[in-house]
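Listed next: structures, encoded as C-alpha cells.
After this come two complexes, each holding chain A, first together with chain B and then together with chain C.
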Partner chain A sequence: MFSDSSLLPIIAILPFLGALVPGVMIRAGRTACASFTAIPTVLALVMLGTLAPGVMDGTVYRAEIVWLPQLGLSASFFLDGLGLLFAGMILGVGLLITLYARYYLSGEDPMGQFYTYLLLFQGAMLGIVLSDNILLLLIFWELTSLSSFLLIGYWKHLPEGRQGARMALTVTGAGGLAMIGGMLILGNVVGSYNLTDILAAGDQIRASDWYAPALILILLGAFTKSAQFPFHFWLPHAMAAPTPVSAYLHSATMVKAGVFLMARMWPALAGTDMWFYIVATVGLVTMVLGAVIALFKDDLKALLAFSTVSHLGLLTMLLGFGTPEAAIAAVFHIINHLTFKAALFMTAGIVDHEAHTRDIKRLGGLARLMPITATIGTVAALSMAGIPLFNGFLSKELMLHEAAHVTWYQNPWIVGALATLGSLFSVAYSLRFIFHVFGGPVRDDYPAKPHDPPFGLWAAPAFLCVFVVLIGVAPFLAQPVVRMAAEAVTGEELSFYFKIWHGVNTALLMSIAAIVGGVILLGLHRYLDRLWIAAPRPEAKTIFDGLIAGVVGWMRGITGWLHHGAISRYLAVFVVATLVVGVAAFLGGEMGQQTRALTPIPPVAPLGWLLLVVATVLVVVHHRSRFRALVLIGVIGLMISLGFVFLSAPDLALTQISVETVTILLLLLALHFLPKETPVESSGGRRFGDAAIAIAAGVAVAGLAYAFMTRDFNSISDFHLANSKSGGGGTNVVNVILVDFRGYDTYGEIIVLGIAGLAIFALMESLLAGPAGRRLRNADYTLDRSKDRHPLMMVVATRVMLPIAMMVGIFIFLRGHNQPGGGFVAGLVFSIALLMQYMASGFAWTTRRQRLEYHALIGFGVVIAGLTGVGSWFAGRPFLTSSFGYFEFPPIEEFELATAMLFDLGVFLCVLGAVMLMLFGLSRLARHAGETVNKEPMEYDPSNAVAAATTRERR
Partner chain B sequence: MEILVATAVGALTAGGVYLILRLRAFAVILGMAMLSYAVNVFLFSTGRLAINAAPILTGYEAGDYSGYTDPLPQALVLTAIVISFGMTAVLVMFSLGAYLEAGDDRIDMDGPDTLPDGEAEVTDGAEDAAHLTIEIEPKESGA
Partner chain C sequence: MITYAIFFAFGCYGLGLLMNLWRLARGPGRADRILALDTMVINVIALIVLYGIWQGTAVYFEASMLVAMVGFVSTVAYCRFILRGDIIE
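So, the complex of A and B:
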C-alpha cells in the first residue's frame, strides 16, 4: 500500500540518484546541466511539500527499510517539524545555489563535477536531517564531511583550496569519529539505535554513568562541524572554495549540521548543568570571538566566515541555555541567519565576480556602480546587524532577552554583557560591510570595472532578501514554522507570539547599546585596525599545521620502530604481539578441567616422533646449506604423512605425501637459480633473541594443542557422519564434506589455487621481459654438469610408469567418494606423473606432446565445478546441492553416480592445471638461462654408440 | 600420544618461527613450510586423536558414531594442505623474482638507515647484483 511515509526514503535517495546526471549532462551545455541538477531538488521539494501540511498538524512520518533487525540496523527515516524545517532549507537554498552557480562559475570550471558534488552533499545533508537511526545518521554525517571536502577543494589548482579542504576534512572528520563513539554509547545506554527511542529515553540517559562521556563525544562532533571555539579555525580557511559553495555549506547547511544535531539531541541530552556549562559557554565564547575577529578581516568572505562562526556560537549558546524560550529563539535565528547570510555570501561573490577583488580596502563606492547588488547587500547586512524591521533584529532581541536572564556561575549579568558585546561587534562589522564596500566615493582603481551582474546572478540573493524584509516586517508569517520546529526540538507544546515592538525592556536597551556602540566602533575602525595588525595573535593555521606535523612525526616514529623496512623485525613484532595477546587471554580466562584420558602410545610412535623432531632441529641447524635442509624438510613431511595414517586420517596422508612430493620438486627447481648456501648475517645475540622468541612460540602452541586435545567439546561433526551416506551418497565422510556439505568452500579454494597458478605464470612472464630475463640470459655457470642429463634408465622407467601412475590417479579419483582419495589427491598424483616425464625426457620433448594448455585446465576445472553447482538450480535446489543415484552396468556390479563426482572432476582438473602451471613456469626460467634443449628424449643414445662402435670395428 | 603430537607441533612452530626471522628468502620459505605443517597438524588435532577410527563409514549404522574420528577438521586440513602448497609456490616465485631482479635474496630493504642496530655485518648486496652467478651446469660440456 502506498502511504505518505514511503516518500521519505525516496526524498533521501533522490539527490544521490540525481548526482549521477550532471556529469553526463554537461555535454549538453551548462544551462542543461544546471536544469538537470535542479530536477531532483525540485522533485524532492514537491514531495516534501505534500508532507508539510501533515507535519504542521503534528504528524510524525516514519518509514523503515529493515536490514539487520537483530543488530538494530535498518534504514529508517522520520520527518518531524525540525526535520521538515531543515530539509526545506537544504533543498530550497540548494535550488537557489544551483541557479547562482550556473552564472557564477566560469567556462573553464568543470561544471558537471561541481553539480555532482553539490547533489552528493545535498543528499548527505538531507540524510542527516531525515534519519531515524543514529547509525544511519552517522553515515550521512561522514558523507557530508567527504562531499564538503570535494566541494571546498573544487578549485584543485589553488593550494589554499586544497589545504582548506584538507583542514576541514581533518577537523570535521575527527569530530565525526568522536561522535561515532558517543552515539554508540548512547545506543548502548538506551538499548536501541532508533532516534525516536533515544529521544524518549532522556531521563534514563541523563541518569546514566555514561552520560558525561557520551555528551562530550557527541558535542565534539557537533562543535567541530559547527566551527565552535576552539575548532572554529577551519571555517575561514574553507572560504577558498567557490562562493556558491561557501554560501551553501557555510551559511545554510553543513555548519548548521552541528546545530541541528544539538537541537535534535536536545530532549535526550539537554537540561543538565554539564550541558549548560559546556554548550552555553562554548557558544558564548565563540560568538564574541568570531564577532571581534570579523571586524578586522579585510577579505569580504573572511569577514562573513567569522560572522558565521559568531552566529553559530549564538545558536549554540541559545541551545545551551536549555529553556524552551531559548530553543524558540534558536530556531527562529536559524531561519533568519540562513536568509541574510546566504544572501550576503552571494553578494560577496557578485562583488568578487565583477570587481575581481574581495579586499574591502580596495573597494568602496560600489553603490553607484552596481545599485541592485548594493541594495541586496545592504538589506541583508542590516538584518545581520540586527536593525529593526529586518528579521535579524527579531531573533537577536529574543537572544538578548534570554541572555539577560541567565545566571552563569552565580553571576547574573556576565552572559548578558558578553552577548551585548558580541552584538556590538556584530553591528560594527555589518555596517563596515555596507559602508566600506558600497558607501564612499567611486574609485578609479578597481581591478575590473564593476557593474551589476545579469539577472541570474542576483535573482537568488534578491529572493532571499524578500524573506528578510517580509519576516522582519510581519514576523507572524514565520510563527507557524518556528512553532512547528521548536515543538519538535523541545518535545512540548509551546505558545508564543512574535511581535516587533515589545515595549522598552532590557533586550531593547541592550540592542540600542549595541547599535550605538557598533557605530562608534566603526568610526574608530581605522585606528583599531592598526592596533590589531600590530598586536601579536595566535595564527590558527600555523598551530594546526604544527600539530599535524607533530602527529605525523610521532606516528612515523612508531611505524618506523615497528616496521622499518626489515620484514624480519616486523615478523618478530608480530609473533611477540600474538604471544602477548594469547598469554593475556590465557591469564584472563579460566581453564576447564581435563576431560579426556590420554591415548596410549603405541611402540612405533616414539620413533616417528623422534625422527620428526630431530629433522626439525637439523633443518634449523643446517638451514644454511640449502640442499640438506630440503632433504630434511622432506623427512618431516613424510613423518607427518605417517602420523596422519596412524591417526585415522588416510585422506590427509595421501594428500600430504603427494603435496610433499610436488613441494620438494618446486623447491629444488627454485634452488637451481638461487644461491646454494645462506651466508651468516645475523649476530649471535640476535640469533639468541630469535631463538628465544621461537621457543616461546613453540611452547605456547604445544601447550594450546595439548589443552585442546585433552578436552571435550561439542561440534557439528556428528551431523556430517550421520548424513554422509544418506544425504551425500558416499561413505568417505571427508570427501563428502569437501564435495557436498562444504562444496562452496572447496569451490572457492580451487579458484584460489587456480589464481595462484595464474599469478605465478604472469609473474614469470613479466620477470622474463624485464632485467631479470636479461640477467638470466647472461648468467655464468660454475658447476660442471652431468653429461647425460636424461639417462636412459630414467626415461624408460618413467614412460613405463606413466600409464600405471595415471591408472592409480583415476582409481584414486573414482573411489574417492567412498574410500580415501578424491579429486585433490588424484590431481596431485597426475601432476607427479607428468612432472616425472619433464624430468626424465626433457622439457621440449614433453611440451611437444602436451595437447592442452594448463591455463585451460584451470578454466575447465572451475567451469565444470561451477556448472555442477548451477545444475542443482534446475532441480530447484540451492547452488551445489548434490544428488546421486545407483546404476547397474552389466559387467560391473552396482555402481553409484553422483553429481558430486562431476564437481570432484572440476577440483581434479583445477588442481592439476594449477600445480603444472606453477612448475611449468619455473622450468621455463631454465630455458631463458641459456640451457640447451634436447631434441630427443635422450641425449646420449646407447644405440648410436653401439652403431659407432660397430663402424669403428669394421674400419 | 597427545603429548607426542603436541610437542611435535611445538617443535615445528619453534623451528618455523626461528626460520622466518632469518634474513634470506630461502630460509623464510623453509620456515613458512614448517609453520604450515605445524598449523595443519594443529588444526587436525582439534578433532582429537583416535587410532583405527578413520571416518570411512562401514556398516551404515545409524546413531552411533563413536567408532569414527571427527571428519570435519580433516576436510578443512585437506584443502589447507593444498592451499599451503599454492602459497609456498607463490612465495618461491616472489623470492626467485626478487633474487633475479635485485641480485640477492635478502628479504629486508637496503640502506643503512633502515637496518636495525646490531646488524652491521650485512654484506653489500650491490656487489652480488653486478655479477650474478647461477651455479648450474655450463652451457656445453667440455666436449
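So, the complex of A and C:
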C-alpha cells in the first residue's frame, strides 16, 4: 500500500502542521522556538531527499486525494524535476532563514509569530510547486499572497511595513484574481483541471480561440507576483519587512513563484509569437529598468530589491524566448540567483544589524571592521556582477548568448544590445555594493560601532557563498540538477555541458563590454547620481496611492448613494431591483394556463381579510405615533396567526403567536428609550415616489401569489410528504423537515440566532460605554407614572401561570415530531413564561433567581445539536442523519424516541438563550438610565402585614 | 343544527371583531386601543375554537390555548408601557 508517492501530501502538509508549534514553543525560549521551526522543514527535506534519486532518473511521482471530484478539484500532487528543484530551494533556504532569523530578530520582536508566518508561507510555496491540480495551485497561490502579507507587515509598528504589506497584497492579490480567470479558461479548454493533462494538451490550447485571454490573464498573475514591469513597484516597498523575510520571499521563493509558473506552463503556453512578444519584451524592459534604478538607490535593501526586479526580468525574458537553450539558461540562473541574492540580502541585514544603517552614503570602509561579512558580501556581489569564476558569470554568459541570437521584430541586435546594457548597469550596482559599503577609508560617523556578528548570523550567507564559488569553479556539479529541471520545463531530452571557457565568442565580448562599462559607470556615479536626483521621474507609490484613493472614493460614492443611512433608501433600492428582475422575468418567460378553479369564499374569511387590510392601512396612517403603530402591528400579527390556522398551518400559527408576543415586548423595551414620535423628514414628492414603489411591489407580489395558487406546479413537498414518516420517523412534516431533511440548515440557523443574541448583548455593552450611554444617564425619564411598580395581581397571576406555561412548553416540545410544535415554539413559550416574571417582579428579583447564564444556554444548545449530528457518524452515516425507535415505558403507552428530539432540544435551548439574552440586554438599559430596582417581589405584600399582625398578637 | 349554531356564532364574533376594529381605529385614548386589541384576541380565540368544532378536529384547540396563554402578555406589556414606561424594571 505504502508507496513513495504518498510522501508528497505529507511533505506539503508538514509546514502547516509545524506552523502550530512555534507560537507555543516560544515560551521555552528563542532557541527552542527556532529548533522546533526547523524540525518540519528538516523532515520535509529528508523525505524529499528520499524521492530525489527517483526524480533524477526521470520518475514522476504522483499522489491524489479525491476532494471534490464534481468540480474537478482534488488534492493531487506531483513531483518532477522542476518541482524537486523548487521544493529543495524553498526548504533549504527556509532552513537557512530559520537559523538567520534566530539571531537577527531582537528580543522585543514576537518570534513565535514570525516563525508561524514563516512556516505558513513555506507550506503555501511548497503547495504551489507540488500541486498537480491548477485549482489547488490557485489556492496555494492565494495563500502565499496572504502569508507574505503577514510577513511583510510583521513589524506592525512601522507604517512603511503596513503600507508595503498592503501594497504587496493588493498587487499580487489582483494578479491572483486575474490568474483564477485564466486557469479556469485553461481548464475549460482542456476539459480537465489536472496540470499533467493541461501540459500534455499544449497544441490544443495554442490552437484554441481562448488562448489569448487565458495567456494574458495567467501572465498577469505571474507578472504581478514576480514584480515585472509595470507591476514591479510593490517589491521595493515590501523591503520594509525584516531582512530574513526579504531574503526568503524576495530572493528565493515568492517572487520566483511567477517565474515558476511560467516555467511550469511552458509546455502548454510557450512557443507562440504572442508568448514571445509579451513575455520576452516585458522581461527585457524589467531587466534594464530594474538595473538602472538599482544603481541610484542608496538604501542597501532597495538596491537589492531593484536588482532582484532586474534579475527576475532576465529570467522572464529567457523563458519568453521559448527555446530549450533559453530554458536551460533560465533554470541555471534561478539556482545561481538564489545563492548570491539570498547571501546578499543577509549581508545587508548584517550590516544594518551592526552599523544600524543601510544607507550606502553613510557606509564605507567596513572591510576592515567586519572582514568576514565583507568577504561574504564581496563574493556574492561579484557573482551578481557576472565576474568569471563565480556562478553568476556562467548563467549570465548563457543569457547573453541567447539574447545575441534573438530577432525582435526583424531587428537582430536590439535584444542583445539591451541585454548588454542591463548587464552593464548590473556590474555597476554590484561593484557599488562592494566599494561603497566595504571599500574606502574607515569612517568615524557610523550610527553604531560595526563589528562582525556572531557565527549564527553569518553562517547562512557563508554557506550559500560556498555554492557560489563551487558552481562557479566547477559548473559540471550543477549540471545534473539543471538538466533534470530543464527537461521537466521543456518536456524534451536535453544534452548540454557547462564549461567556464567557451572560447572568444559574442557572449564573451558582450560580457567584457558590460564589465568595462560598469566600472566606468561606477567611476562616474557621483555625477550621474546628481543628475538622477535632479531628473523628474514618476513615483510609483504616489501613483498607486492615488489610484487606490480614486477607486476607494468612487466606491464610497456608489455605496453612499445606495446606503446613505435611511432605511427608506435601502428598501427602495432593494424593492426596485427585485421589481425590475421580476418584471424582466415575467416579460421574458411564458406563463402557463390557469389550471385551478377558484374556491368559494368561506364565512368569516373576508372579515379577517378586511381586518388585516384596515389594520395595515392604519399602520401607514399612524406610523408617526410609534406606540399606536405598535398596537396596530399587534392586530396584524393576530390576523396572520389566524390566517395560518385557517389555511391549515398550525405549526406556523403557533410560531407566529409566540414570535409576535416576543417581538412586541422587544419593541416596547426599545421604544422606552426612543422618541415616541417619528419626525417628518421626507418631502411630499419623496413620499409620493415611495408610495408608488410600495404599491407596485405589493401588486406584483399579489399577482405572483395569485398566479401560483391558480396553477398546478411540482414542488419538493411531495417528496417530503412521502418520506417524512419512513425516513424521519415523524408525522409532522414541518418538524421533520426542520430537524431531519433540512437539519443542516436548521443547525446553521440556530448558530446564527445564537450569534445574533450574543451580538446584541455585546453591542449594548459597547453602546453603553459610548456617547449613547452618557446620553442615557443624563436623560430624564421621570414622567407622571403609576406608583404601583409591581402590582400584586400581576405577580400572583404570573406565578400561577409559570408552571402551566412550562407544562405547555414541554408538551409542545415532546410531541413536536408528530404533531404541531417542536423545539422552536417550545423555546419561545418558555421565554414568554420567564419574561412574565421579569415584567411582574422586576429585573433584580428575577435575575437573582436565575441559575444559568443565558450565554451558556446558547452554547449548550449548539453543542447538543452538533453532538447529535456528529453521533450519526458513529453509526457510519452522514452528519445529522436521524434514527428513531419505538419504546414502551409502562405505564405510558408506546413512545417514540428519535435522535431528532435531541437535536430539537438543542434548538430549544438555543432559542430560549438567544431570546432571553436579547431582552435581558435591552432591559439592562434602564439600569444605566439610573432606574432603581427593588428586591421584593411586589410593591406591597399583604402577607407581610398579616404575618406582622400575627406576631404582634402572639406577643 | 350545530352548523347553524356555529354560523350564528361566527356572525356574532365577526361583528364583535368589526366593533373592536372601530374602537381601535377611532381611539380616542391609548387605553381604548389596547383594550380593543385585547378583546380582539378573545374574539379570535373564540373563532379558532369554533373553526375547530366546525371542521371536527382538535388540532386548533391548542392554537387557541396558546393564544389565550400568551395573548394577555402583550396587553400587560402595553399597559405597563403606558403606566411605567419601562416594561421590565
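Definition applied: the second predicted complex is superposed on the first by the 583 of 955 C-alpha atoms of A that agree within 3 Å, B and C clash if a C-alpha of one lies under 4 Å from a C-alpha of the other, contacts with A are read in each partner's own complex, and residues count from 1 in each chain.
Convention: a residue touches a chain if its C-beta (ideal position, glycine included) is under 8 Å from a C-beta of that chain, and two chains touch if they have at least 3 such contacts.
Since the structure is predicted, the reported quantities are computational estimates derived from the model, not experimental observations.
*Asks:* Once the structures are superposed on A, label A:L607 by its partner contacts, choosing first (chain B), second (chain C), both or neither.
*Replies:* After superposition on chain A, A:L607 lies in contact with chain C alone.
*Asks:* Which partner chains sit in contact with A:I520 here, chain B, chain C, both or neither? Use first/second/both/neither.
*Replies:* neither
*Asks:* Contacts for A:L642 in the overlay, against chain B (first) and chain C (second): which applies, first, second, both or neither?
*Replies:* second
*Asks:* Figure out whether A:V752 sits in contact with chain B (first) or chain C (second), or with both, or with neither.
*Replies:* first
*Asks:* May I ask you to decide whether A:G698 touches chain B, chain C, both, or neither, giving the answer as first, second, both or neither?
*Replies:* It touches chain B, and chain C stays clear.
*Asks:* Counting residues of chain A in contact, which comes out ahead: chain B or chain C?
*Replies:* B
*Asks:* Once the shared chain is lined up, is A:V800 touching chain B (first), chain C (second), both, or neither of them?
*Replies:* A:V800 contacts neither chain B nor chain C.
*Asks:* Return first, second, both or neither, reflecting whether A:P650 touches chain B, chain C, both chains, or no partner chain.
*Replies:* both
*Asks:* Let me test your reading of the model: by the given contact rule, A:L665 touches which partner, first (chain B), second (chain C), both or neither?
*Replies:* So A:L665 only meets chain C here.
*Asks:* Could you tell me if A:M839 is touching chain B, chain C, both of them or neither one (first, second, both, neither)?
*Replies:* second
*Asks:* Which positions of chain A sit in both the chain B and the chain C interface?
*Replies:* Overlap of chain B and chain C footprints on chain A: residues 630, 646, 650, 671-672, 781, 783, 785-786, 789, 819-820, 926, 931.
*Asks:* In their shared complex, at which residues does chain C touch chain A?
*Replies:* Its residues touching chain A are 7, 10-11, 13-14, 17-18, 21, 24-25, 30, 33-34, 37, 40-41, 44, 47-48, 51, 59-60, 62-63, 65-67, 69-71, 73-74, 76-78, 80-81, 83-89.
*Asks:* Spell out the part of chain B that touches chain A in their complex, as residue ranges.
*Replies:* Per the touch definition, chain B meets chain A at residues 1-27, 29-30, 33-34, 37-38, 40-42, 44-58, 60, 62-63, 65, 68-72, 74-75, 77-79, 81-90, 92-97, 99-101, 103, 105-109, 111, 114-116, 118-119, 121-123, 131-141, 143.
*Asks:* What part of chain A is in contact with chain C in the complex they form?
*Replies:* Touching chain C from chain A are residues 603-604, 607, 610-611, 614-615, 618, 627-628, 630-632, 634-635, 638, 641-642, 645-646, 650, 653-654, 657-658, 660-661, 664-665, 668-669, 671-672, 781, 783, 785-786, 788-790, 794, 801, 804-805, 808, 812, 819-820, 829, 832, 835-836, 838-839, 842-843, 919, 923, 926, 931, 933-934.
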